[in-house]
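Pasting the structures in now, so scroll down.
Each of the next two complexes has subunit A plus one more chain, namely subunit B in the first and subunit C in the second.
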Partner chain A sequence: MSDASSLATDASEAATPAAPVRTVPRAGWHTATVVAVHRETPTASRLELDVDGWPGNAAGQHLDVRLTAPDGYTATRSYSIASSGPSSRVVLAVDKLPDGEVSPFLVDEVRTGDLLEVHGPLGAFFVWEPDGRRSLSPAGRVRPVQLVAGGSGVVPLFAMAQAHAAADDLTPFRMLYSVRTPDDVYFADELMALAAASDAFRLDLVYTRRTPDGWPTPPGRIMREALAAAVIPAADRPLVYVCGSTGFVEQVASWLIELGHDAQSIRTERFGGT
Partner chain B sequence: MSFITRGFSGRSRERDDRLPPGQTLVHDFPVLSAGPTPEIDTAEWEFTIRTETGVHRWNWDEFMALKIDDVDTDIHCVTHWSKLGTSWRGVSLDTLFEEVETEQEYVMAHSYGGYTTNVPLDELLDGKAWVAFEFDGEPLDPEHGGPARLLVPHLYFWKSAKWVRGLVMMDQDEPGFWEQNGYHLHGDPWKEERYW
Partner chain C sequence: MQHFDGNSLAGPLADFFAFDITTTNARCNGCGNVSELARAMVYRSDAGTVVRCDSCDHVLATLVEAGDRAWIGFSGVSAIEVRRS
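And then the complex of A and B:
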């Protein structure tokens, strides 16, 4: 697919893009050993990998996993990385699509000690770096960061929230996370702990099918209202990261524009599906 | 360094030779974009080609009056999906460049919304590229790049700039948006030119 960016360049200005900027490690093929597997939600697993020769990764990057069958047939899919930093420990969280080829294997079949081929780290745009130049406004001020996650789309955003906390970064961070039911929250304990530990990180959950008992609003497609109520106002010029299924991202991004957010401040990662 | 993955058998053995390495056949039409989908009105749409000597412009009506090709082709996205036998309608870049004189050999495609991607000119001529405005008999959806996108099917699909608004000729190859963000300068799916 081709891709839209949000960078302002104008064809009529004949703008020449700047030289490549690369602040993230270079991608390569690596052998990963599965060191832990953990049920994340009723449909998802968390895989902890130790990746031989991994150069570290920035929060928000992804990798490709390549599976090879005995007859040489291969299948490759992309997965966001829930961890960041120089460590060779890499955390993934994979949601099982019932008819999928790769995700049921990763969720149900993979066990501790297995080896996987991975290529990465990949992606240099959907990333957040503490105090990085990427979060500065044109005037050089640090801009608040709004994260909007749908389902497994929380994976790279969780990495950002964790990197933010680990760096003691004071940039205001807010995450709006849409899930089907309370059982479907990825990194639930970690997210609650991050929200409890720091005034600079705030978590808002939206339930689309079933809420916890006593929740003030009914479940359903209340994303639009939640978005209007919970995201950092457009006037504060937040940098917004949206991640989830294609349908979720399309919907949220178009609502954000209606709410007055600048298209150039919205970065998106689409996982596929609708 | 490839090795067999314990316990993996894969879904299907039908390996179509139209599928480049590392690609999976899909029947829907996934979307990859770095930002929101822009809405562009054809009344305001214009397409330009800028060269060392000046700018060529077409508005929507002028564009629709050009020779229109039917294109049947396979498309390959760097995120590992391919779609076979897709049908498009659009204007060949050969048609557009009939009116354009240039010595410059490289092209930066620019899109509404700010996206850019680089392609050498000779990879856009000789029936290899179009500005497409119909997919499967329907006007192209905004999500997929409507009203018009570049269609360069022999390269990974990020080169087929959605919401295209113009081409700027350059003396040297320069990285566009995804290319600056780690994607390959060229992007041939048969050579798996995904990242650099």
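And then the complex of A and C:
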């Protein structure tokens, strides 16, 4: 953590090394048209939206969806964006919370052609942007990127992995994805394709409830030693992005710090839950 | 009470600030820690939102919204760093 005096010093010293100044598009309220819906997992849907006036978004940003009942009651929830770039097309993948106010509607009720009120793009902290580097800098100057996903927390990290591939960025990327069963993997085909297409992207899956047949390890929550084995070592100074439930994120982040990772190099996004 | 983090403040505060405030460094009155608001802990209820320091749990800020008005308090923040673009 920075010390208290840093606010009074030069801005470049006070800034986190991992946080270059970014000019993300300005947020606003927009009307989104649902252009495609399909089942992503047994409990989640993938929604493709065409958002009127959307200025584009960086990988890792989110948006808020506001639903308004006939009596004027409103409910607003945040959802990570699975896509990035200048397009007005925005992809969401929404997990249904059984007693939720918004997600059951988005997962089970929304149909192609429906209109949604969205606010975004939001958040400039949990963001990764390619720097256009198409060849590796001299050893030690490129900071590799470690992504750690718990369940539906993979959504913004998938956007980062996809942006990395789309830019032909050669920064080493590694994703550790903890998921209940093989059926619960979001963007399964896309992630496998990204891993197969590039040596610069590596995918490691951990199954907590049920594994595919022939999987080398039994199902179970990721533990500290397994985490240490599956992430880029602290000595390589990776930038780390962790997204998942609050409990998952805080456990993983505390282990990463115990393993020697710099707290300022770990960016986290918690979506609540257990 | 389950909590979120300061990333979730981006939407609620976008209506009141001309820049994304979640990347702003804020200094905690309680412990002096300086970090981005995105790293703070956020507790929400129907009454409003409480933002707490991730180092010492001191209340940094509160947000209460009702109809067309909002009350934003930074009771626990001694300074923020704003970048001129």
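Criterion: the second predicted complex is superposed on the first by the 242 of 274 C-alpha atoms of A that agree within 3 Å, B and C clash if a C-alpha of one lies under 4 Å from a C-alpha of the other, contacts with A are read in each partner's own complex, and residues count from 1 in each chain.
Note that a residue touches a chain if its C-beta (ideal position, glycine included) is under 8 Å from a C-beta of that chain, and two chains touch if they have at least 3 such contacts.
These numbers were taken from a predicted model, which means no experiment stands behind them.
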{"item": "Partner chain in contact with A:268 - subunit B first, subunit C second, else both or neither", "value": "both"}
{"item": "If touched residues of subunit A are counted for subunit B and for subunit C, the larger one", "value": "B"}
{"item": "Touching partner for A:87 - first (subunit B), second (subunit C), both, neither", "value": "neither"}
{"item": "First (subunit B), second (subunit C), both or neither touched by A:254", "value": "first"}
{"item": "First, second, both or neither for A:68, with subunit B first and subunit C second", "value": "first"}
{"item": "Touching partner for A:126 - first (subunit B), second (subunit C), both, neither", "value": "both"}
{"item": "Subunit B/subunit C common contact set on subunit A", "value": "1-4, 6-7, 11, 14-16, 21-22, 24, 27, 64, 76, 78, 122-126, 246, 267-268, 270, 272"}
{"item": "Touch list for subunit A against partner subunit C, complex", "value": "1-4, 6-7, 11, 14-16, 19, 21-24, 27, 62-64, 76, 78, 119-120, 122-126, 246, 267-274"}
{"item": "Touching residues on subunit A, where the partner in the complex is subunit B", "value": "1-12, 14-18, 20-22, 24, 27, 29, 31, 64, 66-71, 73-78, 101, 105, 109-110, 114-117, 122-126, 246, 250, 253-254, 256-257, 263-264, 266-268, 270, 272"}
{"item": "Subunit A partner contacts - residues on subunit B that touch it in the complex", "value": "1-11, 13, 15, 22, 24, 30-38, 48, 50, 55, 77, 79-81, 108, 110-111, 113-117, 143-145, 149-150, 157-163, 165-168, 170, 174-182, 195"}
{"item": "Touching residues (chain side subunit C, partner subunit A) in the complex", "value": "2-8, 10-11, 14, 20, 22-23, 25, 27, 32-36, 38-39, 55, 79, 81, 83, 85"}
